[in-house]
Amino acid sequence: MSLLEVKKLTKNFGGLAAVSMVSMELGDNELVGLIGPNGAGKTTLFNLLTGVYEPTEGSIDLAINDKQESLVGKKTYTITDMGLGRTFQNIRLFKDLTVLDNVLIAMHAKNKVGTVAALFRTPAFYASEQTLKAEAIKLLKIFNLDTKVSELAKNLPYGEQRRLEIVRALATKPKILFLDEPAAGMNPQETADLTALIRQIQKDFKITILLIEHDMSLVMNVCERIYVLEYGRMIAHGTPKEIKNNKAVIKAYLGGD
Amino acid sequence: MKQFNKTNLGWLIFIAVAFLLIQFGVSFGLIDAFYEITLMTILINIILAAGLNLIIGFSGQFSLGHAGFMAIGAYCTGIMTIKLPTLVGLFAGLLLGIIVASLVALVVGIPTLRLKGDYLAIATLGVAEIIRIAILNMGSLTNGAAGLSGIPYLTTWQLAFIFVVVTLVIIVNYIKSSAGRATVAIREDEIAAESMGINTTKFKTIAFVIGAATAAVGGGLHASYFSVIRPADFTFMKSIDILIIVVFGGLGSVTGSVVAAIVLGIINVFLQPFGQLRMILYSVALIAIMIFKPSGLFGTKEFTISGLLNRKKKASPKQKEEPK
Amino acid sequence: MENFIQQLINGLSLGSIYALIALGYTMVYGIIKLINFAHGEIYMVGAFVGYATINILHLGLIPSLIISMVVCAILGAIIERVAYKPLRKATRVAALITAIGVSFLVQNSMIYLVGPQVRAFPQVITKKVYNLGSIQVNQTQITIFATTIVLMLALQFIVKQTKMGKAMRAVSTDADAARLMGINVDNVISFTFILGSALAGAAGVLVGMYYNSIDPMMGVVPGLKAFIAAVLGGIGIIPGALLGGFTIGIIETLISGYGSSLVKDAVVYLILIIILIVKPTGLLGKNTKEKV
Amino acid sequence: AQGSADDSDTIKIGGNFELTGPVSAYGTAESNGAKLAIKEINEAGGVLDKQLDYIELDNKSDTTESASIATKLATQEKVSVIVGPATSGTTKAATPAVTRAKVAMITPSGTDDGLTLDDNGNVQPYVFRTGFQDSFQGVALAEFATTHLDSKKAVIIGDSSSDYAIGLTKSFKNSYTGEIVADENFTADDTDFNAILTRIKDKDFDVIYMPAYYEQAGLIIKQAREMGIEQPILGADGFSNQALLDLAGEENVSNVYYSAHFSLNNEEKNIQDFIKAYTDEYKTAPDAFSALAYDSVYLAKQGIEEADSSDPEEVVKALEAITDFQGVTGNFAIDENHNPVKSVFVIELQDGKEVGGTEVAPK
Amino acid sequence: MLQVKKLTVHYGVIQATKEVSFEVNEGEIVSLIGANGAGKSTILKALSGLHRPTSGEILYKGQPIQKETTKKIVELGISQVPEGRHVFGGMSVLENLEMGAYLRKDKSEIQKDLKMVFDRFPVLGERKKQDTATLSGGEQQMVAMGRALMSRPKLLLLDEPSMGLAPIFIKEIFNIIKMINEQGTTILLIEQNAKVALEIAHKGYVLETGKVVQSGTGQELLASDEVQKAYLGG
């Protein structure tokens, strides 16, 4: 049984079918790419999977403890809680909060110490705060952000903001991580660093990653499988090699050389 | 761990010193009957503003309905203490006010807190007006437009001071908890917060309910100290008055609200002798303050004891102006 | 039945007053996202200017209306430059508090200058009453209703079709990008205030004449009701102001007419809240979720 | 109590009025009346050979502020007596303050019965008034409606947001012998009364009882007459202001009756002198509010003179004992409940002119 | 055509650029490259008058413009496609393009240019009436480009025009840039995609922490070791 199973997913905006009859599967510990021309519906698909939009039609099922649970109609926060984390195409950090707070917030849902303990400042509260902080800093360290814990998120350079978004998503302890154009606005060198990083976290955290990206150096390098969308439809699916040579994909997306 | 205890101790000393200073002032006649009224107004305003700041400044929900919850607290306390003019009656009244205000906040909060920005502002304003009109029409229980008078004088400034401290401790501890961080995340970006697994409706509602409960406490103390309450005391303008304190102190700064309540209380004393000019001077001051300090006295920063203790530690990064 | 129609007419005429004030409110909001609390006060000043021109300068209605609009436009422009412009980059709540400050200032300056008492507005046109059976409509009601509709259409045209209108909308979404198009953002915002304030001035004179009563506090309640009307219709949407104004006017009247006038305002608010819960962005607001 | 020291060369009088805020129109009129009285008294040589020092503060029409400034006047300024505030709510709010400080407060227009009597029927020792109390005025008007207007069916149109109007409605309802066919309400914020007028228009009634202030009453009279409602309209002292005629339009003000403290047409010298002095000073005719405040200051003066002291507590005792005050709003004694003993004078208006008056003595 | 002399820009206390000097000649494509936060966008903001420099001079056709209003600068023929697109959400695609021609009065020419834009970006033609706020990222980028072209600029400032675009479209965009340039528009280009940017550029400048550290022709820079290492991932 696959981890996430999407069947005939459709989303209409007025007359426009931004996503139509899309089916896909994600297994455990996979690194999968999602590409397609601008406006193909990639971000919309993410939004459907994470409950930001309600699908017009179709099903999304997540395997939890050997049972299939439907995600359709569930609230975003529930879906996050069930193990789906994400980043945003247009960075959506908590801009006026510190780097550390950004990460701590993401840990909230999994925090065990209750509000009552916090109101009375019990020792358990202090202890849990310490562990949370330690955990957050550990995560930040992986992304070389541990020196910036008390900076405001908005004061970070663009590339670091992108990385912080990934840290924040990881802090929700996802089973599946959706990354929407993580390398946008980075130069080739930075992209190369990011590529390595993505590969590493996928291994270290044993998670599944679904990645939208227009930078082929990244996609073709790290993805085991790739899905291709065009005009809301899935037009191809395969290994990077297959995709590179797929006529339809070349015509619609890669451009012929 | 050590640092935390040091800060807590620091605050404890700070509070004790403040209390003793006031006590000293009262005992030696420096704070006479008139200044005591000013002091009470300030203390009550601190409670009201801190609660509203939790709603507006921390959870980012624009409520214009604080006066409604204050009215609930005032009438519950007023009615209760008229029937039972003892401290027990006072506490029962305050408790009743907290319960009723929280219930009302819960019932109206869940559907309306989905609304955004000014739509929410109007809805909360409507709620407060409905509360007020309901009170106006409750016949002999609330005595209509004339309101309740002769409410027994059971509050002392010491009692109010204790309530201020308790309210502030609860609010600050809540904000500093994991739930508080979730609340702030909602203010910053609701969609992102939701994607972090935060049940936004829940935390908005909690903030709204806590805010309403503190408003009820403020209202109850008001009733019991000033002994006269009328529906006309709890109009939209009252909500605005509290909002001004919150914004003046800084949205998202509890200590800012405290300082703002004190400063505005003092400004009011100075303006009193100016007759019709006082409101003109007040509004000019208000405009000038906002122009020169649009993020309020404290911005989102807090005055902290640990900040005092570790003066040498580098100042927090300079805040840039928020985009509109 | 006739009674009902009469009440509807009463409601429409009350509603058109709310709508008339709400138009300027919603337009300013639509462009700079500021709840211009001083709008009600500008309306009040408009009424007083009309009073002065008619009573002291002995001018007719039309010249008074024009003078009042001009004075209010200037006042609006000054307020914008002095009080709001420095706060363009500040939070919206800070701007709101400033607007409240301006509202207090104008109101209390007026109390200081002319006293808080009500005055009777001079009746410059004789009030014709039309009787259709037992249903009555008077001329001022028709004038106000017609003016409201015409102004709504004119505003909608300005904002949607003219170059200035497009510049206004561009400024409202992204001021820096608008600058890059060669738009003088300050002028556009001033224009918005001038237009909105002139509308408020006109409303002041018309309403002063209709009710025959003006005082320095007269802007508070209609200002608030107009704001509510604007929100109900979908704030920032010009036809929404009209719809919201009419809706509130009619609901208020029907409740006074058939229910209990004691709970009139409470019921209005209740209906308002219910409408908002069903339609969170107002009657005409687009119910779109933010694209992420 | 802290009286002003006898060796100071002025006597301080406090003023606690609504100079800003929702009811500033009444507070300002009263402030004017009070200031005129102070000026006259000082020009005439003062009281007990001392000049009066009038200290006036604004209560913003707000209860908290009223309590605050009453305390300030009584304890910091150490005034001998306070005049004001204008409304019952602000007066009630100031009551604990003056009680604690043991200083008399004379409210010109606070009408609520409960101002001078607490809930248990005990007199509030430091509160006095020069105006009517609601029960008294409402009863008199109910009687006038029956005996002089021959009414059997009345409609009430009252201001549900003011305690003044509510008090008047209550006492009218309690003593009116005819039938009350409709009880309509509005709030002080309203300007459009067509809805309720349309509603009563076709009802069968022969008088409209309208407890309201002149601002709204003027508009209601206008809108009612324009709608063709011609029944007599009966109001209380809140009508007593020139603006009533202006707002309604003189042609509409016929068959209107209201209870008044004084009439601009009254030939008596002291009244004409007052009207002239007031008009000279403020370029507008006095209304009931300014007249009552004017009398309140003179009442305070008489209290100080009869006490032969500016000590606040002595003044209180003297005020309680006043039996023969002669003011522009009538000659009266202060009764054991601190209310003036005077009769209601109902003025009739036709075409905007006073055409007569009827004295209704309380039963 | 454009001379920037010792340009220093601050955001409050933060210094974003330090005495940056460079030159753009008529008819050239000039690329500015540099890591995140190097100050590239800041320079463009200063050129357009959106952010006032602390010191230094900007000469356009010999005239100092560093104190001019944005309106004046646009009138002089300098147009910018800002970073992050900044389209007018809430207005239709067509209205966005019309805003680009805000200062122009020649109605018939505007119509011609509209057609030209729709030819270059056919998607925009299909979506004329759609609210730009709901367009995909790439579609919005096209609107931003089209909008800038509508002012018929003499000097076009492009801030990362390829960000978020599909590979096929990146090629397209660079073709369009070349074409615009060949038709006589001078271009100052900021790009992360340093390789492509330098390939089409006549001249390039490398920016590091607010300072120009290297300059030369496009080819020279492409061949330079430092540039290879730092920006081309090789």
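Letters A, B, C, D and E name the chains as they come in the text, with residue numbers starting at 1 for each one.
We take it that a contact is a pair of C-beta atoms (placed from the backbone, for glycine too) under 8 Å apart; a residue touches a chain by one contact, two chains touch by 3 or more.
Since the model is a prediction, treat every value here as computed from it, not as a measurement.
The set of chains touching chain C and also touching chain D is given as B.
Across B-C and A-E, the chain pair carrying more C-beta contacts is B-C. Relative to chain A, the chain whose mean Cα position lies farthest away is D. Per-chain Cα centroids separate chain A from chain E by 31 Å. Centroids of chain A and chain B (each the mean of its C-alpha atoms) stand 40 Å apart. Annotation: 43 Å between the Cα-based centres of chain C and chain E.
In whole angstrom, the spacing between the mean C-alpha positions of chain B and chain D is 37. Residues of chain C in contact with at least two other chains: 108, 111, 262, 265, 292.
Within chain D, residues 20, 22, 28, 160 each touch two or more of the remaining chains. Under the contact definition stated at the top, the residues of chain A that touch 2 or more other chains are 43, 52, 88-90, 92.
Here chain D touches chain B in the complex through residues 19-20, 22, 28, 56-58, 60, 62-64, 67-69, 71-72, 75-76, 88-89, 92-93, 95-97, 100-101, 112, 114, 118-119, 160-163, 165-167, going by the rule given at the top. Listed in rising order, the residues of chain A touching chain E in the complex are 13, 35-40, 43, 89-90, 157-160, 181, 184-192, 214, 216-217, 252-255.
Those residues of chain A lying in contact with chain B across their complex are 50, 52, 75-77, 80-81, 85-86, 88, 92-97, 101, 104-111, 113, 115, 118-121, 125-126, 128, 132, 150-152, 154-155, 168-169, 171-172. Across the complex, chain B meets chain A through its residues 1, 4, 8, 170, 173-174, 176-182, 184-185, 188-189, 191-200, 300, 316-317, 319-320, 322.
Chain B makes touch with chain C in their complex at residues 56, 62, 108, 111-112, 114-119, 122-123, 125-127, 129-130, 133-134, 136-137, 191, 236, 240, 243-244, 247-248, 251, 276-277, 279-280, 282-284, 286-287, 290-291, 294-296, 321-324.
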